[in-house]
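For reference, chains read A, B and C in written order, and residue numbers begin at 1 within each chain.
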Amino acid sequence: MSNQPISLLPSNLSEPKDPNQVKQVLEAALLTSQDPLPLSELKKLFDDELSTEILRRLLEELREKWAEGSVELVCVASGWRFHTKLEIQKFLNKLNPQKPPRYSRAVLETLAIIAYRQPVTRGDIEEIRGVSVSSPVLKVLEARGWIEAIGHRDVPGRPILFATTKDFLNDLNLRSLEELPLLEEPGLLVEQRGSIELLSVPEPIYNSSTPESL
Amino acid sequence: MSQFLSPTNTNPIANIRGEPMMEVPRDLFIPPDALEVFLDTFQGPLDLLLYLIRKHNLEVLDIPMAELTRQYMAYVEIMRANQLELAAEYLLMTALLIEIKSRMLLPRPIIRTNEDDLDPRAELMRRLLEYEQMKLAAQRLNDIPQVERDFTLVQVLIEQTVAKRLPEVNVDDLRNAWITLVVRAQVNRHHRVTRAELSVRSHMSRIMRDLRGREFIEFNELFGPSAGVAEVVVTFLALLELVKESLVEISQSQPIGIIYVKSTDFLTSV
Amino acid sequence: MSNQPISLLPSNLSEPKDPNQVKQVLEAALLTSQDPLPLSELKKLFDDELSTEILRRLLEELREKWAEGSVELVCVASGWRFHTKLEIQKFLNKLNPQKPPRYSRAVLETLAIIAYRQPVTRGDIEEIRGVSVSSPVLKVLEARGWIEAIGHRDVPGRPILFATTKDFLNDLNLRSLEELPLLEEPGLLVEQRGSIELLSVPEPIYNSSTPESL
């Protein structure tokens, strides 16, 4: 099989003869792959004879071709992949009565802290949340492959440092952590809310009500 | 969004002695009966405090601390049974509030320090805001489309050819196999293969193939018209070797007559 | 999400309003399913409100739509599914280069004996290998088209004589048997295999030991 020359891509040409055929191969590879395929992998399909620019252009063309379809081609942290459009999911759910995991607030808040403040220790998370973080919470996220221990902080007890994984980004359709939603500016919260304005005022008002209320 | 941030208003927070409790208390007094539900509803004291501040414009410092303390101390007994750890966190929060309040009641030193962080409330506020920031971030994260929950990965079957991939063998494999054999059998001299011998053997196979299914073959048929001297010699050697191994018989009915090469195989099978 | 009314398929209509949307849903379901989906499953996507005929017709249309693509929609025994076209496989194999399977030592040694000592009988092979040769070993090589029976030796039992074939030469990129590596140069043996250095001695003791070791 390997002896057959690939007429599509003569080795002495850097340009493929038939971009449509290249696109078909790309499409098939992406439709069949379990994991996102980075450009470096996609290049292997053509014995590394296609340049990154050509592949990118053809992938963009593929993406456009599918824009109207039931599935879409996207680029996530680990590479390119196809997935169904969001509006289709409600139909697909009918085939799988098994509900996908929905996470508790404890899990989500822990995940947010790890995502935005990484690398963090369990102690850091507890400090921010004001409650202890139970082991199952971290286990759920580890089992999902969204967080991982990446080392220890060099303090007494050498607590484990957690960070999010590439799969976390992939599963949320993100290419990098920078694509995470921006954090709310804390300053704004104070201004908007008169009720805690008092707390933020440098000079407290020692009003008469205070002693009584105590 | 509000659903996420706070308990819903439509469902009772708790049922206390059969009476549905529709609303979260407006301050940190939590009826002991509802406590357990409460601990489930809020992520912790920061969450509760934040909720009270946001929802009910609670003036943190207006909370009647003495009463609160008395009540919270009573909880300890109730909570000791199960969620002691969480209860402790609520207590700690209460203690912090009381500390803040009591510090603020003290007469302020006339010469103020410039260090803002001496304000006991600053730290609490910082924590509240940081927690709120993460709480919102968690909600945003949850809103991001998630694999399996909101979309499904495409996975098309790769159609494989029926034929399995066959093992590849190269000449080195063969040579190594042969070497192994020779070593094992200690028969190197006997089985040493020379180029000439291989060539003879190759022609032996050819002659046997030519004879397959035939009674005989004429001697001169064995030598192609284009055969060079070397090939003629090798073919002849092959023929002799076949005779020696009793694989063929050679016969000539009369002098200068046609020489026939017969396969002993054919002879016996007929 | 599930609260949204599905405008596509009002529950009071047996006919969908928009066949294209139905096709998109079918397509997405088939592209994401590991297993073939029977019509009964596909019906569930639409709460069993679409008739078998309509689904069949739309699936046929889908099949035609994909006919030119890199993957094709087929109906197999257990239902409908997408799979890649065969001609794509050689490209996809480059992404997952499987290790080629290897033949067992018994097969390789048998092949070597047939190649170097042909024509040989099974008895000859057994004599050289010092162990019996099982039928599967010869069958593997015959099935591969590398050896064939070219006759019988005229001795009791009339054992089959084996020789290598032209395919064997082709598959090993040889023009003739003479191109097989030879083992006559002692230096080569020493280089490759320190352990058989002794064998390279021109006149080894073999006469007495040979019959016993065989």
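Structure notes:
Here, contacts are C-beta pairs under 8 Å (C-beta built on N, C-alpha and C of every residue); 3 or more make two chains touch, one makes a residue touch a chain.
From a predicted model like this one, the values you see are computed outputs, not experimental measurements.
With centres taken as mean C-alpha coordinates, the chain found closest to the middle of all protein C-alpha atoms is B. Distances between chain centres, each the mean of the C-alpha atoms, put C farthest from chain B. Chain A and chain C have CA centres that are 38 Å apart. With each centre defined as the average position of its C-alpha atoms, the distance from chain A to chain B rounds to 17 Å. Chain B and chain C have centres, each the mean of its CA atoms, that are 26 Å apart.
Along chain A, residues 28, 31-32, 71, 82, 84-85, 88-89, 92 each make contact with two or more other chains. Across the assembly, chain B contributes 150, 152-158 as residues in contact with two or more other chains. Residues 1, 28, 31-34, 71, 81-86, 89, 92, 98, 100-103, 105, 108-109, 111-113, 115-119, 128-130, 144, 150-155, 158, 161, 163-164, 171-172, 174, 176-184, 189, 192-193, 195-196, 199, 203-204, 206, 209-210, 213-214 of chain C are the ones that touch chain B when the two sit in their complex. Within the complex formed with chain A, the residues of chain B that make contact are 4, 43-47, 53-54, 57-66, 85-86, 89, 93, 101-102, 104-105, 108, 116, 119, 121, 124-125, 127-158.
Residues of chain B that touch chain C in their complex: 150, 152-161, 164-195, 198-199, 201-202, 204-205, 208-209, 211-212, 245-247, 263-265, 267-269. Interface residues of chain C facing chain A in the complex, by the touch rule stated above, are 1-2, 4, 6, 24-25, 27-29, 31-33, 37, 41, 44-47, 69-71, 82, 84-85, 88, 90-95.
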